[in-house]
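There are two complexes below, and they share chain A, which is joined by chain B in the first and by chain C in the second.
Now for the complex of A and B:
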């Protein structure tokens, strides 16, 4: 029991990072109807921006903020400069997914061309380990969980109680109807890409704070878990992303602890495949059904 | 020519043939049938590993490698079995697609399958020697000649024969009524199903045949390089092949050939022999950046590739359909068939 609690503790930390990333990824799909395979690379870029700030003497929190803002700018520019023109030009799903892939490659290997394949890490303040109900978490990890809970609450308030949030949900379910009701879809989409960029930045930087290594493939490797969480929860649904993240995060760490660390990803991927076979629309299916991801 | 140059050129030729075989298989799946198979490389890997374990002999006879089976079968058998194994794997993976997912959603699922496969083979060391991979895989024609230069050219000829057979086979499929069904599947799956095409069966077929072709390419490659490890078939390789198809021309006969010559061979294999500059990871990362840029640029400026798929118009069917002669653009006949506009 003791060990189970320990791994669940680790799982909650992973789930927190996943949750922030998965909300961002799923929002992008909901608004723009595309799978942004450059999302992981954006996370890495944010983590490197934070690394530059951190190495220049800023403390980690200021770096976290700057990294997230950088990712927001990058995400906005990607949508406006590349994805949107392509969407106007073609309806081919393949073109869009390959474009996001190409952009992801350029960002990821651009970073590798500059920094090489070396591992970096942040200078964090002195932390200590806290013991709670059999779990062991460091103060940093506790803050990571706090950031995730904060982000989830803010997203919930945004989506439920603001005009922007309601418009985002409307566009995700039926873009044409939303447009006909007078919702400025372009502005909503721009805002969504900025918000999801902030989330990808938060996820990228907190991921590095947790695992304490950063290289050019950090974000892209973690990204697949984010996809798993978003798809499991129901692609396009932010609440689904939260549910999916908790399941994937806890299952990944518990199976890593009890079975074999090497099988950590395999277990979560296997869950994903089973979900795709049995219920391809995921747990919360409203957006996924509207976009006909499965027939 | 010095033997070093001959080795270099023979190697490039062999790689070119392997990439052409693989690109033709992917063209059948993606270009013709419209399936975004982001797991394509695992079928090449399946072929390569099959050839490895079928020609290495008993585990323990060649260093400290652990792997399953461990047979030593004579030359053509490993090649053929590789094709069959990879084809069966293709049918198995294709079964995942029985649930009809949106094409890009399916692509993500296949990408995950590719990652699972890499993770499994890396961590289950008993299968194919884990992350170290198989090495010292015997050369099939070692007994023919003792000169290594001559051997390379014999091997290149063998790769060329397999390549030509595969390209011809794909060409036959593309031109046959079966190919027309596959294109109907690509253009409008619901309409294809509505006129009585067995959509699930066609998908399984194309997964099987494409997988088998990928398996052959893996077999040809591994008997030459004599080594195969998870790092040889990372999921990025699939995207190199997709880039090749996009550059060459999706769905056409010669597009994959041209694309395979331009993208992987010139780019990746050519630059391998460039003088090293900068950090050791600089050249590979520049290659990947270039692939990303090529992808985006081609999809924007020339999405049909250098050799576009020919428009297929059948005048007799067109007239029988009672079409308006003055209509400005002719609709692709396949599309009209799929839409039920042409009586069959």
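Now for the complex of A and C:
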């Protein structure tokens, strides 16, 4: 029982990072109808920006902010500079996915070309371990959980109570109708890519703070779990992404602890397949099921 | 509103071939015609979703062509699209609020919401429910409520009767009459030509992208040739009342 609590504790930390990333990923899909396979690479890029700042003497929290802002800028530029021009040429959904895959690989191998296939780590202040109900978490991990909870609350308030948030939900459900209501769809989409970029940056940097190692494929490898969480929750639904993240995060860490770390991804996707068999739209009815996937 | 020799279409072909007619202020103008007549293209052109290739559309003396859909909305022209035009995963109240997205003044917005809720009780009764959980008729009413949030001068309705049972249709058409009584002008496109023309003060028959006949709703309804073609026989004067 004690061991289970320990792994659940690890799972909650992983779930927190997943939650931030999955909300960002699912928002992009909801608004732009784009399954962005470069999301993991954007996380890595943010983590490297934070590494540069951290190595230059900034503390980790300032580095986290700068890394996230860098990811926001990258995310916005990728959408405006690459994805949107392809969409305007009514590129097929499959081709668009291939484009995002290509962009992700360019970023990943670009980072590797500059920094090499080496592992890096941040300079973090001395933390201490906290014990609670059989769980052991470090102060840094506790802050990571806090960041995820904060991000989820901010996203909830944004989506429920602000003009921009409601417009984002409206565009995600029905872009044509949103335009018909006078909602500036382009501005809403740009804002979404910036916000999701910030979230990808937060996820990328906090991931490295948790696992304490960074290389050119760190974000891409973790991205697999983000996809599982987002799809499990119902792709396009931020609330579904939150639920999906908790399930995938805890299951992944508990199975890694009791079985073997190699089972992390296997059990996560097994859960995903079982849930989708029982409920094809995910835990919360996905935006994808409410609209045409390929416009 | 005046459409003057409007030519419009998609890709290489024209769908509308010089359409001209007036939408009279304070009236209900119903456009009928067979499938492929150009009714949807007409609405897309009037709403600035499609730019006319020739001709002009004047609203209160101002040209509509060259304006963005947002600018057309700001002029006081709103369109209620065909069915499935609610944000299904948002609440009824949020859907109605989206109709007033262009209104920045919170005081004005809240006043409009109050007025719309008094006109459409379903907005307050089912305000917190997901729009997708409403029946077809209820959804239509919420669509009407949403469009009134901009306090429009001209309301364009695309197939308002689509998918509704006769009882619900009566409620929906009563609301159309209410909008007119409130001083709004209405332009509607109807597949259910007989019901649409009975409701309307003016009728326009569109065929192959051209105006075939124009007159009062009753004139069009009673026209023998049009009746044979589209209405399954002209309506006897007594029955048309």
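Just so we're on the same page, the second predicted complex is superposed on the first by the 285 of 295 C-alpha atoms of A that agree within 3 Å, B and C clash if a C-alpha of one lies under 4 Å from a C-alpha of the other, contacts with A are read in each partner's own complex, and residues count from 1 in each chain.
Just so it is clear, a residue touches a chain if its C-beta (ideal position, glycine included) is under 8 Å from a C-beta of that chain, and two chains touch if they have at least 3 such contacts.
The shown structure was predicted, so the numbers you read here are calculated from the model rather than taken from an experiment.
Under the clash rule set out above, the superposition-derived model of chain A with chain B and chain C shows the two partners fitting side by side.
Of the two partner chains placed by superposition, only chain C is touched by A:183; chain B is not. With both complexes placed on chain A, chain A has more residues touched by B than by the other of chain B and chain C. In the overlay built on the shared chain, the residue A:272 is in contact with chain B alone; chain C does not reach it.
In the superposed model, the angle subtended at the C-alpha centre of chain A by the C-alpha centres of chain B and chain C comes to 90 degrees, rounded to the nearest 10. Touch criterion met: A:173 reaches chain C, while chain B stays clear of it.
In the superposition on chain A, A:116 makes contact with chain B only, while chain C stays out of contact range. By the document's definition of touching, of the two partners only chain C reaches A:163; chain B does not. When the two complexes are overlaid on their common chain A, residue A:35 makes contact with chain B while staying clear of chain C. Once the two complexes are laid over each other on the shared chain, residue contacts for A:134 go to neither chain B nor chain C. Here's the short version: in the overlay, chain B gets within 9 Å of chain C at its closest Cα pair. Those residues of chain B that touch chain A in the complex are listed here as 30, 36, 96, 99-105, 107-109, 111-113, 115-116, 119-120, 122-123, 239, 242, 246, 279, 281-282, 285-286, 288-289, 291-296, 299-300, 303.
Looking at the complex, you find that chain A touches chain B at residues 34-35, 82, 85-86, 89-90, 92-99, 101-106, 108-110, 112-113, 116-117, 216, 224, 227-228, 231, 235, 260, 262-263, 265-266, 269-270, 272-273, 276-277, 280, 291-295.
Taken in their complex, chain C has these residues touching chain A: 47, 69-70, 73-74, 79, 81, 85-90, 94, 97-99, 101-102, 146, 150. Contact residues of chain A toward chain C in the complex are 163, 166-167, 169-170, 173-174, 176-184, 285, 287, 290.
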